[in-house]
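The two complexes that follow have chain A in common; it is paired with chain B in the first and with chain C in the second.
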Partner chain A sequence: MTANEIKIKSGNSATAILGKIVRNQLFIPLVALLLLIAFNLITDPGFFKIALEPNSDGNMVLSGNLITMIDYASELVILAIGMTLVTSASGGQDISVGATIAIAGSTVLRIVKTQSPNISGAKFAGIIIVSFLLCVVVSAIFGAFNGALVAFFKIQPMVATLILFTAGRSIAAWINNNDNISITDKRFSYFGNFIPGISVPTPVFITILCLIIIAIILKVTNLRLYSQAVGINASSSRLNGINPKVIKLLTFVILGVCVAVCGFIKVSRTSSITYSVIANNIEMDAILAVALGGNNLGGGKFNLSASVLGAYVIQFLTTTLYKFKEIDSSSISAYKAVVVILLIIISSPFVRRWIDDMKNKREAARKGSADLAMAEAAVDSALNNIESETEKENV
Partner chain B sequence: MSVNYSALDSKLKRQRRASLTDTNLLLIITIIVFLVMYFCAVIFLKKGFTKPQMFFNILNENASLLVLSCGMTLVMITGGIDISVGQVTCLVCMSCAVHLQKVNEGLAFGNVFTSLLIALAIGLAFGIIQGALVAYLEFQPFIVTLAGLFFAKGMTTIVCSDRVPVTYDPFVKLARTEVTIPFLGSVNKKGIYIPAYVEVGVLVALAVVVILFCLLRWTKLGRNFYAVGGNNQSANMLGINVKRTKFLAHVLCGLCAGIGGYLFFLHACSGSPLHAQGAEMNAIASSIIGGTLLSGGVGNIVGTLFGVLSLSTIKNIVTSLGLEDAWWTNITVGVMLCIFLLVQSVILARKNKNKK
Partner chain C sequence: MKKFVKLLVSSALVAAMACGICACGGGTTPATQAPAPTDAPATEAPATEAPKTDALIKVGIINNDPNESGYRTANDRDMKATFTAENGYEASFFYSLKNEEQIAAAQKFIQDEVDYLLISAAGTSGWDGVLEQAQKAGIKVILFDRTIDADESLYEASIVSDMAKEGQQAVDWLASQGLSEYKIVHIQGVMGSSAQIGRSGALDEKVKAESTWSIVKQQTAEWSEETAQQIVQAVIDSGEKFNVIYAENDNMAKGAAAALDKANISHGVGKDVIIIGFDCNTWALEELLAGNWNYDGQCNPFQASYIDDIIKNGVKTKVVIMEEKGFDAKTITADDVKNYGI
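Presenting the complex of A and B:
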């Protein structure tokens, strides 16, 4: 039996299809999601109830755990997009995103706070657009700073972004002279909460928009191919005519734009900013989302949908843990850590290799026994032949 | 056949000099920067910098950071990283504080020594588990220690979510013990001579520095750290047990986190979930400023010592310049880190060019 035959034979069996599903990158986040859903359904059957209720402003809005989860996952999903690209191209992670979100949010508030609360809609829209564009530019510049350190000075991404991680929140405070700003204009909070008349939270729309944009970019341009090539082997991609430095810089700038969108949503949610607390630890969650999606943190191939799914799983986990009233909000991280370690162990190359080894051994054993049976059969038939021949001779 | 010994000798000497410029240059830069910074402060700022006590206060406040940074340097030399040390410090403080308060109220058996044992046990446990995951299961050190950071953070609030001041007498006495330095001191406004002092923690921290320096310099294990960090595969081919070396580096780092945590506890005399926030980043920054390369294989404990001193001196300078807003210290530290990283990258690029 040749190897090809084995493949054809097992290709039809159910185990092979199962194996294909298990090996799919989306498998682990999906299973984690299903486990979380099952767990929640068992402990609280009303967990997924969605209701249409009037909120404090008198709008009819959707409310429920599921809506909260999807709403609050928006920032994480948008960050996960940029983080996946950075991870793929540079083989490292940006740990300064939380601090850069603070800078972006501070920039937005710096512009918006100057307007009076009673200006007309068109003027207000103008101010919002200007502030948003400015915060995109600022974040992109900070992204380019990180990217330049990584690409041109060959500093490890985690260390290069350590600079902004240390100084970022201070820069954010410096932009607004450490003032406590709160915007009284209700229209400003539309982007982080609900627009009157629409019962779905606005961040969900922004997230969908971002996902569509990145999908189009990946479809139309060669960004996916180039960043993967740079991540797998920078020098060979250079020999093939790709400029790895530019690609690395580009991914960091894209992450900067993602961060700007996150910062805008974050400050719009509360209409205010606390420099030291805003988007605290979000960099860790974003990296975990990428890792949970089964992407190699050392760079190379990536699967964006897996990262996005991973981001939702992380947020789902957080929401689930928050549900237990007896758990202190700050001790959630301990439970999160246990889950994360388990997930890493399951998805680690070491365990996968071990499983493959076991499978190979089993197959080899089966094959060995099959060979033995064939050999026995051959011996039997040979013996039979000899016997029959001797009988003939005797006759 | 005659051998030209003098030519060979001069060649060897040149090689030795070349190796100095490559690896020790970073250390020398750090020391010079620190000295220049401190002397500038003494000459131009005067405010307290002329007193020897100012220098010893830097040590007093950063004894724990010094130990943490030394542990971090070990891991970084092997090419890994440990970002959990800050939160482990926090967890150690909280556990020891709760333990000693229970002892004080008569609810539990123990003394200062048992609290020290708790601190070391926590540090070792983190080191062993993380080291095993990193070395033997081949996980990425960043992710493993990130999970460790989360875990320690959560455990701290599970142990207690409030600030716990320690009023256990023997411990407070130990924490307040001041070791006076002979022949150094200053005269205050009333004309009374006050000798300079250091806390007990500083002596422990300096002892750790000396021990780790000797370990890296003269033991087989220390040389193995460098070999593994420099090139994993060639170290393996030389017969070095790479996995065990990495494991031991993480265990030592965990132990350092335990000791550093206890020193922090000794200085703060309390436990709080807000203790040692961002200490891991300070430790990494100190190591980098001290000339340790994150790519592994290069580093020096003495450099780390000067890294910690430079970092805290610049913080003190910024404060005494009148820029008391908290953000200025962070921004200057960021700028300093940036400069040192750029210098490192330039030196590395030059080194690679030389090789070719």
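Presenting the complex of A and C:
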């Protein structure tokens, strides 16, 4: 009996560890990422090749599929940070991020376009800093506008952000009088491409910086706890001394700052802007990243690293689809949709619960026999007790 | 605390609005900016304040939203520059990307008894009724930029671009370069748009006909430079060789060039990769002038002079196809950039 018990116990702990891994929020996006990598490796064995080659500025830079994907995922990752916080606190999503990226990018170009390409390095740095700060302020104000509608007027986030979703690109066009701008200063493209002498794309550094900053904020402040509390139950968190309105507003402002960084990277990549299509549909990708990370889109608890991983999966998928020559232009969105639907279904709470249920049932069945033995023993001892008691009474 | 938050919110809202207003003010033509599509049938005040005399020809102009693209912005500016009081016109403008709003505006213009109705239709169908009304009221209709599915007798003339011809010109130019092999990365616009169909069609036919022409990659970037950059980057990463980039507008060509720069692939006159763009943005023509690109096909947004000619000198042909140029980096001049850049 003892040997049997030990066997059951060890079996339990193994499944428990496995269960822990499977139940971990990072599991699904990680599996999706591995599947995509496996798929890419099968179709193209040289997939992981990374080369160090000089680019057109004579600068040694890293190139290869992986570098490209990590590079182009930057904007999405930064957006996913803000979107996760907004989702957690307000229980809804901001669908205006693509349009506000256009506004942010347009603001940057409005400042930079006035400068001649042959100004000195220090002056150029000054202009970049000024334009970036202004774009952060503008985006934060638009974020606050969304946040105010959600927090103070209690409008559903998707409806509140629909306003800027509709008007944002027109505002972006107005900022630059609808000019088709192209910046000729090579230095402006450093932020979306490579800084001379550094072989890793600049957006990667910017992303890492953003991740570090948000990690520190979550570590040293109560932002995580407060936004989760507000997302789970706003009125009870208010009773506990948290102001849900301020927290909601704050998350939208943080998303606004994320948007500013994205807008800055986007316009720097090509040194130009097309108001109607810049960051087209990026709001959907950002929301997908949050969902793929297994976060509840209804608000409450969140896992930021899962969202970030989700963002990488989405970009990985996009770049993979661009790689395939066989995929017809007009059907690329359909392919993406099919894969996304599969991933979202797998990571949905319903399927997760179903997997858990199945596992519990199996465990229960295995446990069943052991329980039966234990039950018999219990009945035996009870009977013994009764017998001994009756004996005592008789005495 | 509550007061403070209220103050914060209200100041944020005010600032956001002020921002929008400043942005409007920055424009050179603030009074003529397009209204948002939602504040629909309100037509703008006549652009000119000149006293109404019999000499002025009243025109009602229905156009798409100038924010739609650089092409539309140039088109709108051209219209505003031509239909002025000095040229003998009293013009009213209406902008919308929605067909039904445009039709409602056309009905209003008919009630206002304009002499001419100039229409760049958002959609091709649903115009018959309103055009018949115009005909009964004795108002002449001229279509520009886009045609509609209506009987030819309902309008005086239509002035259009031939996108297929634009594509054909570019392909003919490419063929004249005499490369031993053409390996083309073809970046398309929004699938199904008339510009995409026209410009893709010419290239597709040529590739089918010639054995030395092949498509390395054909993909839509939906007019977006960053998507174009990603697509070209994916081709470069896959290690496939190519020597032509055929992008269906300038912005996508710019994105493609950025990807080439990143990977140290030289492009332009006498370099490894030929870059072809369309639309003739000023900055794109400057790239041509600098020899970084090879060819740019025009999509002429300047229909106003054609319309002016028809109104003043009468109709010569029902369908006027505008003359459209293609610029070669070897022969382009600074004057061309000034005259044809949009």
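Simple rule for what comes next: the second predicted complex is superposed on the first by the 338 of 395 C-alpha atoms of A that agree within 3 Å, B and C clash if a C-alpha of one lies under 4 Å from a C-alpha of the other, contacts with A are read in each partner's own complex, and residues count from 1 in each chain.
In this text, a residue touches a chain if its C-beta (ideal position, glycine included) is under 8 Å from a C-beta of that chain, and two chains touch if they have at least 3 such contacts.
Everything numeric in this text was worked out from a predicted model, so none of it was measured.
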Applying the document's definition of touch, where does A:Phe194 land relative to chain B and chain C: first, second, both, or neither?
second
In this superposition, the partner of chain A with more touched residues, chain B or chain C, is C
Answer with first, second, both or neither: which of chain B and chain C does A:Tyr322 touch in the superposed model?
second
Contacts for A:Ala334 in the overlay, against chain B (first) and chain C (second): which applies, first, second, both or neither?
first
Considering only the touch criterion stated at the top, classify A:Ile287 as touching first (chain B), second (chain C), both, or neither.
first
When the two structures are overlaid on chain A, which partner does A:Thr15 contact: first (chain B), second (chain C), both, or neither?
neither
Where does A:Ile345 make contact in the superposed view: on chain B (first), on chain C (second), on both, or on neither?
first
For A:Ser63, select first, second, both or neither according to whether it touches chain B, chain C, the two together, or no partner.
second
Which chain A residues come up in both lists, the one for chain B and the one for chain C?
166-167, 169-171, 173-174, 178, 330, 332
Interface with chain A, chain C side, in the complex: residues 1, 5, 8-9, 12-13, 15-16, 19-20, 23-24, 26-28, 33-34, 36, 38, 65-70, 73, 188, 191-192, 216-220, 222-227, 229-231, 233-234, 236-239, 250-251, 254-255, 258, 260-266, 281-284, 286, 342
Please name which positions on chain A make contact with chain C in the complex.
44, 46, 53-57, 61, 63-65, 68, 72, 110, 138, 141-142, 144-145, 148, 152, 166-167, 169-171, 173-182, 184, 189, 193-194, 243, 245-246, 249, 266, 269-272, 274-280, 318-319, 322-323, 325, 329-330, 332
Could you list, by residue number, the parts of chain A that touch chain B in their complex?
93, 149, 153-156, 158-160, 162-171, 173-174, 178, 284, 287-288, 291, 297-298, 328, 330-338, 340-341, 344-345, 348-351
What residues of chain B sit close enough to touch chain A in their complex?
81, 133, 137-140, 142-144, 146-151, 153-155, 157-158, 161, 273, 278, 281, 284-285, 288, 294-295, 325-331, 333-335, 337-338, 341-342, 344-346, 348-349
